[in-house]
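Just dropping this structure here.
So that you can tell them apart, the chains are marked A, B, C, D, E and F in the order they are listed, and the count of residues begins at 1 in each.
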Amino acid sequence: MFYHDKKLQYTVRVETPDPRFARMLQQAIGGVEGEIRVMLQYLFQAWGARGPAKYRDMLLETGTEEIAHVEMLATAVAMNLEGAPGSMQEQMAKQNPLVEAVMGGMDPRQYLSAGMAALASDANGVPFDGSHVYASGNLAADMYANVTAEATGRALATRLYHLTDDPGMKDMLSFLIARDTMHQQQWLAVLEELGGQQGVLPIPNSFPQEKEKQDVSYAFFSTAVDGIEPPSGRFTSGPSLDGKGEFSVVKIAPMGQEPKLAPPLPQAHAQLEQMQGGVRPQQTASQALGDSTIEVTPRTTKSKKASSK
Amino acid sequence: MFYHDKKLQYTVRVETPDPRFARMLQQAIGGVEGEIRVMLQYLFQAWGARGPAKYRDMLLETGTEEIAHVEMLATAVAMNLEGAPGSMQEQMAKQNPLVEAVMGGMDPRQYLSAGMAALASDANGVPFDGSHVYASGNLAADMYANVTAEATGRALATRLYHLTDDPGMKDMLSFLIARDTMHQQQWLAVLEELGGQQGVLPIPNSFPQEKEKQDVSYAFFSTAVDGIEPPSGRFTSGPSLDGKGEFSVVKIAPMGQEPKLAPPLPQAHAQLEQMQGGVRPQQTASQALGDSTIEVTPRTTKSKKASSK
Amino acid sequence: MFYHDKKLQYTVRVETPDPRFARMLQQAIGGVEGEIRVMLQYLFQAWGARGPAKYRDMLLETGTEEIAHVEMLATAVAMNLEGAPGSMQEQMAKQNPLVEAVMGGMDPRQYLSAGMAALASDANGVPFDGSHVYASGNLAADMYANVTAEATGRALATRLYHLTDDPGMKDMLSFLIARDTMHQQQWLAVLEELGGQQGVLPIPNSFPQEKEKQDVSYAFFSTAVDGIEPPSGRFTSGPSLDGKGEFSVVKIAPMGQEPKLAPPLPQAHAQLEQMQGGVRPQQTASQALGDSTIEVTPRTTKSKKASSK
Amino acid sequence: MFYHDKKLQYTVRVETPDPRFARMLQQAIGGVEGEIRVMLQYLFQAWGARGPAKYRDMLLETGTEEIAHVEMLATAVAMNLEGAPGSMQEQMAKQNPLVEAVMGGMDPRQYLSAGMAALASDANGVPFDGSHVYASGNLAADMYANVTAEATGRALATRLYHLTDDPGMKDMLSFLIARDTMHQQQWLAVLEELGGQQGVLPIPNSFPQEKEKQDVSYAFFSTAVDGIEPPSGRFTSGPSLDGKGEFSVVKIAPMGQEPKLAPPLPQAHAQLEQMQGGVRPQQTASQALGDSTIEVTPRTTKSKKASSK
Amino acid sequence: MFYHDKKLQYTVRVETPDPRFARMLQQAIGGVEGEIRVMLQYLFQAWGARGPAKYRDMLLETGTEEIAHVEMLATAVAMNLEGAPGSMQEQMAKQNPLVEAVMGGMDPRQYLSAGMAALASDANGVPFDGSHVYASGNLAADMYANVTAEATGRALATRLYHLTDDPGMKDMLSFLIARDTMHQQQWLAVLEELGGQQGVLPIPNSFPQEKEKQDVSYAFFSTAVDGIEPPSGRFTSGPSLDGKGEFSVVKIAPMGQEPKLAPPLPQAHAQLEQMQGGVRPQQTASQALGDSTIEVTPRTTKSKKASSK
Amino acid sequence: MFYHDKKLQYTVRVETPDPRFARMLQQAIGGVEGEIRVMLQYLFQAWGARGPAKYRDMLLETGTEEIAHVEMLATAVAMNLEGAPGSMQEQMAKQNPLVEAVMGGMDPRQYLSAGMAALASDANGVPFDGSHVYASGNLAADMYANVTAEATGRALATRLYHLTDDPGMKDMLSFLIARDTMHQQQWLAVLEELGGQQGVLPIPNSFPQEKEKQDVSYAFFSTAVDGIEPPSGRFTSGPSLDGKGEFSVVKIAPMGQEPKLAPPLPQAHAQLEQMQGGVRPQQTASQALGDSTIEVTPRTTKSKKASSK
C-alpha cells in the first residue's frame, strides 16, 4: 500500500511560463515514453512478480518513485500555463493572449478540458494507453522492456531540454535525466545478476531449445533481391552471444508451400463466384444453395457424410 | 521497395482445425508482442535511419522477413477456422458446430467480420495499434526496444506452443521460436558492436552528463516507509555498469516544495469559491466579475497592471 | 511524492482459484469504472488544483488510497490464476486444464502476455484509456465526476460479488464496496460545503447567467412527435433546483435555418458536379478549372474580388 | 424511431470564418465532454431502461435533442472553414491563406480528410470513443454521470465562448450553455424525486449494507506520512449524508498481508531463475524440466498429487 | 433537428433469450460494420454537404433511419439478456445460470458495466471508434464508402442470421438485411446519376489528370519475383473503365534512389556513433560536442554558415 | 514471402525541407486514408482469400506495391524534417529555429519520439489503428472497400498537392496520384468481371433474397416530418440497379412496438425504485430483498417457479 507527502520529490520552478512547452511536457506524462507508463509498468511487474521476492521489492521501490515523477511533470505543466509568454504578447500586442496561446501551439484541451492543467495524454493529445504497460511474467524480458522505457524516456527528456530556456525547467529535467541514467543501470544490473547474456539468452531460457528449429536459430536471413550484398557485422559471423551457436548468413528462399485455403463456408456468405470457382453463376443463391443455406450443415459435418459414403 | 513470392517462408500445416487456437494466434499477429508490430518497427527504424548505412540495411533485411511471419500466422488462422474441432462435436452432438465454435471461445469477429480469416487485432479483438512501433532515432534505444519485442515475442510463441497438440502448428511455432532466438542475438550484437554497456550507456550517450544532476545518477532510491529494508543487489553497491560511477542506496525524502498553483484563470471558469479563496461567495458571477468576465484580460496582463500601480 | 509499504491495505485471500473470475476482476482494474481510473483521476485533480489548498490535500489523500486498491485487485487476479477451477477439471477430466482455462473463458492475454498475472486492461482486454481521467479544473464538475466514478464503481463491485463463491474474494469485495460508500459521501460532502445545489448550480457558477439564452435555461424540451405526451416530474414544473427559475415544458420546433454551405473549396477536390451545381459536367477538370486549380486562389480572396467589382 | 427536420434547432451564424475556432469546436462535437457522447449516452440509457417507463421517455426526449446539437456544431465547423481569417491574411499577405490555415492551427484533417467539414473527433483529432457512453443500468449512477457530462460540457462551452469574437458564434454558444443549465437541473431533479441523498445513497441502494465492511464505510482514510495533518471538512466529522453513519478520520495502516505469489507455472515460461528461487541455474531448460515441460501437467494437479502422497 | 416516436421502426421480439447472441449483436451496434457507424457517417456527410442540396437531404433521410436501427438492436440485446438460455441450464443444472452466462460466452460488460443492456462497442467489447465515420467532402468517394458500409453490414447481418434459431430475431434480421439491400442500391444510384464510372472516375474528378504521372495511371504493377506470372483479367488489358486509357502490365523495378538521410540533428540525441560515422567514439559527449550541444545551432543554419564561407 | 530492394519505387526529392508539411504527410502514412492501411488491407485480403486463386494473386501483387508507398512517404517525412523552413526563420530571426519548428506546427512527436523521422500515425498524431483493415471474406464487399480506400486516398493526395510548392514533393505526389487512379480501376474491373451491379448485388449475393423482408428491399424511406418533400432521383423510382425490383418512396412510420423491458435482474443492482415500480421504497435493501439478494436465484428460474404454481 501507499503513502504520500505533500512536497514534491524535487523542486519544480518556472520562471517564464510557456504554454507551448506545457504541451511538449505532456509527452513525458502520458506518452509511450512517459512516466505514467513506467509507473504502471513497474508496479504491475511487482504485483505479478513470481520467483525471488527481491525483485518484487525492487520494482515496488522504483514504481513508487515514478508516481512522484508524474506529479512533478503535471505540476510543471500547470505552472507553464500560468500566463502567456512574453514573446507572444510582444508579437501580437493587440490580440488576446489567451486566444493566441490556445490556438497558437498549446494543447487546446489543457484549457478546454482541464482549465489550465495537465492531462493524462501525450504531446498530441492522444490519451495514455494501458497496452504499453509491459509485464510479461518473464523477468529478463521485463528488464529489457524497462531498459527500453528508460532509454526512450531519457532520449525524450534530453530532447525536451532543448525546447526550453527556462532555468527552472532545465533544472527539473537535469534531475529526471539523472534518474533515467540510474534506472537504465538498475535494470541492466539485474540482467547481470541473472548471468548476463550467456545466462539469460534466449529469453525465455526455460523453453528447451531442442524443441526449436535449431538450424535457423543463429542464421541472419537476407531478404534482399539478387545483386545486393547483405550487411556484415557482429551478427553475421563468429560465436553467438549465448555461446551456444555460430552466426551465419542465409539468402532467404521459400521453405513453405503456396497456400490453398478451403472454399468459403456457406454461412460466411462470400459471393457465389467464390463458392463456385470463379465462373459467373448461372443460378441465384436459392437455386444454388436451396432453402437449406440458412440452416446449412457446416463443412466438417458435410465432409464426414461424404467420407462415410 | 518490395517484391513477393507466392510461397510461404515456412510450411504451415494444420491437421485438426481448432477455431479457439485461431483466436490465440491473433495475439502473435496483431498483439503488442506480435509480428505486425515488429514488421513495422524494423521498417520504420530503417526508413528513418541516420548514421551508418549498415544498420539501415540490416533493419530492412529483417523487417522484410517479418512480413512473411505475419503471412504465415494469418494463413494458420484461416486453416484453423476450417471446421469445428472434434472434441466440441462430441460434447454437443445435437448442436450446430458453427454456432458453438463462434460462441464458445473463438474470436467471433473472425466469422462475423472476416468470414473465417485473420484480423489485424490481438487475442481479445483489440485492433493493432501503431503507437507500439518504436523508432526513436537513437540506435541503442531502438536495439533495446527490438530485444524487448523479440523477448516478449518468443515468450508468447512458447506459450502458444502449449495450447496446441497439432503437429503442424507445433512445427510452425518451432520455426518462429528459432527466428526469435536469432533476432534477440542480432540486436544485442549491434549493442556489442557499439561498445557494449560501457560504450552505449547512458542512452543517449550524446548528452553531456555534466548537464544531468549527477549526484543522483547512480543512487538507488528507496521509497519504502521506515522499518522496511531496501533490497540489495548488483544495483545497490559496487561500480556502475558504465564504469562512470558507484552505486549507492538513498532513503528518499522530499527535495522539492509543496506546490502552490496560481488561482484559476477567470476564463477557465472554475467555481467562484476557487477564485475567492474557498468562502462561499456572497456575490453572483456578474457582481463578482462583471460583464468583463467574458472579455476579461488575462492574468499576466492583470498582474502587470497590479504591479505597475 | 510517494512511499510504499510491502503489505496490502486489506487482506487478499483466494481459497479456490478461478481463472474466469480473474478476467472479471480486470474490469475493476482497467475498466472505465475501475481503480486505475480513479487513482489517476484524483491525483490529476490534486496536481492541477487551484483555489483552496484543502481540496488538493483531500484529493491527494484519496488518490493515494486508490493505488492500494489497484494493488489489491492485481494481487487477487494473480491468485485466481493459480490453478484451474475444480469444476472445470471434473467436467473435462481428460483434457489439459491449462488449455481449457485459457480457451474457456479466462482472458487469454493474462496467460499469453502476462504469464498468469493482471493486465492494465478491462474484462474484455481493452487497454486502460487515459481519456477517462476527468480533471476539469472546476471543483464542482470534478466532484460530480468523482461521485459518478464511485457510483458506477460500487455497482461494479456489487455485481462482481455475485460472480464468486470464494469467501476470500467476497471479503475483499466487501471492503472495497465499503470504501466506495465512503468515497461517494466524501465528494458529495464537498458539494454540500460549497453551498449545495443552490450554491454550485449551474456549473460553472462563474459564468454570468445573463450571457446565456435564459428563456430556455429551465425549459424541458419535448422532441416527441405529435400525439405523444411528454413525461412529467420534478423537472417539468415547480421551482428550479438553484432557486433561480421555474421549470416548464416546451414542444420543440426549429428556431434555426436550413443550412446552406458554400460550394466546395477548389483545392478540397470535391467532384466537379458538386462544384457545378449538380449537372453532369461537360468539361474535364482542366477545361473547367484550368492549370490554375493547382495553385488556385482561395475562396475568400475570390469572393472579395467579386464583391469589389 | 426517429424523424428529422431540415432546419436547425437554433440559428448558426458565422460572420468571420475562423478555421482555428473550427478546430476548437471539435471538442464539443467528438470530445469526452461533447455532444456525440451525451447523445449516445442518453439514448443508450433509454434503450436499456428497466423500471418506471417515465425515465425511459425522458431520456429519449433529451437524447433526441442532443442529435440536433451535434448538427448545430458540425454546421458551425463547416461555416468557420469557409475562408481564412482576416487577421491571418494581413499578417502573411504574400502567402497562400489555405496553406497557412491548414498548417497554422486548424485541424489539418478537416481539410485533408473531410474537405473542409467537421469530423467525429475532438480538438486534438482524437476520434470519438464509445467507451464514454455511460449507461450503467442503475438510474442514480446514470443521473450522476449525466450531471457530470452536462457540468463538464457547460464548462467547455463557457471556455469556447472566450475564444471567439464572432457574434454568431457567441449567440449559438449562449443557447447551448442555457440548455446545459437545464440539463444539469433535469438529472438532479430525478435524483430529488428518488429521495435525494438520503434516498439514493449509497448507490446502488439495492445491495444490503450489512454485506459491506461497515466499519470503514464512513471513515476518511489519511494516507499522508507522519507529521502531516489530514484536511478537515464536512467529510471528516458529523453525520454522513445518508443519515446512516458518522464521519471519522483514520490514519491508514496495512490491514493486509505481504503477498507471496506461487512460483511461475512452467508453461508460462518465466526465466529458470524465477522457477528455481533466484540462484543461477546449473542446468539447462531440458535438464531441469525435461521433455515434459512442453506437455507438463499443471500446478493444481501436481499439488493434489503431492498432498495425496 | 430531430424528433422521436416511442415505438420502434420494426418489431423486436425474442422468444428464447440468449446472452451469447446478445454479444454477437454488439458487432452490429458498435462494430466497424455496425449501425452507430452508418448513422454518424450519413449524418456527418449531410452536415458537411457542399454542392447540390438534394444529396444533403437524402443523407439526412437515411442517417435518421439508421438511428432507429441502433435502437432496434440495442433493444434486441436487452431482451436477449433476460434470462439464461435453456440449453445452458440443462447442461449445468446445479450451477448458477447468471455466473455461467456471464463467464461462458456473453460479453461480461453487458452485465458488469451495463446491468444487462447494450454497450456502444463491438462483439469483442472494443468501443465504437469515430475514425470510421467517413465523410470526405467528395460525393463519389463518400458514396463508395457508403456502399462498402452497407455491403459489409449486410454480410454481417446474414452471418448473424445463422447464429440464432429464434424466430423473432430472424424476423428482425430479415428486415435489416432488406434495408441494407436498398441502401446499397441507393448509394450506387447516386453514382449512376453522376455519370457512372465514366463520369466519376478517377475520384476526385476535379484534379487535372495532366498533373498526375499518366504513364503509370493504367498500368498493373507486378511485384512478384522472377518466374511468377502476374494474374490476368479485366484489369490487365483492354480499355480502362473511364475510357481514358488502356490497361497494361508492368513488371516492377525501382524508379527511385537508395535514400541517404542527413546525419542526426545534434539536439535529437542519437548515439555518438550515429553522428560520427559508425566508429566507436573516442570522446565523450562533452568533448565531442562541447557545452554547445545543449544550445547548439540547428543544421540548416550551420550549413548556411558553412556554405557562406 | 517477401523480398526488398534498397532503392525506392520512385524518386523522393525535397528541395526545401518543411517540417510542417512533414506533419501533413503523416496522414498519408498512418491515417485512415493512408498507405499502412491499404498495404495491410490488401495483404490480409490475400491471406484470407477463398475462391479463385487469381484474386489472391492480384491482391498480393498490389499489397506488396503499397509497402513501397509507405517507404516513399516515410522517406519524404525524414527529408522534410532536415532543417527549418526559410520563411519561419525570416519571421522570427532571433529565435531558435528548432524550437519554432517543433512548437509552431510540426508534429512534436516527430522530434520528441522519433528524433526527426516518420511515425506510424496520422496528421494529428493518432496512431494507426488496425480496425481499418477491411477484409470481409466477401470479394465484392472487399472490392468496394478497396475502391473507397483509393478514392479517399487519391482525394488526400490531391489535397496534399496544394500544401507544398516543393517540386520534388509535387513530383512524388503526381506518381502516387497516378497509382491511385490505377488502383481504383483495378478493383472496379474485378467487380465488372463478377458481372457488374447485376451480378454482384445485393452483396453478399449468396444469401437467398426470399429470406429478406422483400417489401422494403427497394423502398426509399423518408424520415422527414410532415411538410417536407423527400428528394427525388435515380433512387426513388425506376428499376433497381440489380434488375430485381422497382424503386419506391415510403413515408416512414413505426412498424414496431413500444419496447417494455423486464424489470432489473436483482444481481445487476439497479436502484430499489427501479425494481419496485418507481415509488420511493419504504424498505431497505435487506428488508426488501433479504440476505438472499446476494445468492438470489435468477429471474428465469423465478418465473418458472411462478408459472408452475
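Keep this in mind: contacts are C-beta pairs under 8 Å (C-beta built on N, C-alpha and C of every residue); 3 or more make two chains touch, one makes a residue touch a chain.
Predicted model, so just to flag it, every value in this text is computed and none were measured.
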item: Chain pair showing more contacts of the two, B-C and E-F; value: E-F
item: Inter-chain centre distance, chain D versus chain F - centres from mean C-alpha coordinates, in Å; value: 23
item: Rounded Å distance, chain C centre to chain D centre (Cα mean); value: 2
item: Per-residue overlap in chain D, given as positions that touch at least 2 other chains; value: 1-9, 32-33, 47-48, 50, 54, 57, 60-61, 64-65, 75, 78, 98, 105, 111, 113, 115-116, 121, 124-127, 129, 131, 136-138, 140, 152, 155, 158-159, 161-162, 203-204, 207, 209, 211, 223-225, 252, 254, 256, 259, 261-262, 264, 267-270, 294
item: Touch-based graph of the chains, sorted into line, ring, star, complete or other; value: complete
item: Touching residues (chain side chain C, partner chain F) in the complex; value: 155, 158-159, 161-162, 225, 267-269, 294-296
item: Sites on chain A touched by chain B in the complex; value: 3, 5-12, 17, 32-33, 54-55, 57-58, 60-62, 64-65, 72, 75, 78-79, 82-84, 89, 96-98, 111, 115-116, 126, 129, 131-132, 134, 136-138, 140-141, 144-145, 147-148, 150-152, 154-155, 158, 161, 174-175, 177-182, 184-186, 188-190, 192-193, 197, 201-204, 207, 209, 211-225, 230-231, 233-235, 240-242, 247, 252, 254-259, 261-262, 264-265, 267-270, 298-301, 303
item: Interface residues, chain D side, partner chain E - complex; value: 1-9, 30, 36, 40, 43-44, 47-48, 50, 57, 60-61, 63-65, 67-68, 70-71, 74-75, 78, 113-121, 127-131, 133, 135-138
item: Complex interface listing, chain D residues touching chain A; value: 20-21, 23-24, 27, 31-33, 87, 105, 122-126, 152, 155-156, 159-160, 162-163, 223-225, 228, 252, 254, 256, 259-264, 266, 268-275, 277-278, 280-281, 284-286, 288-289, 291, 293-294
item: Contacting residues of chain B [partner chain E, same complex]; value: 1-6, 47-54, 95, 98-99, 102-105, 107-109, 111-113, 115, 121, 124-127, 137-140, 194-195, 199-200, 203-211
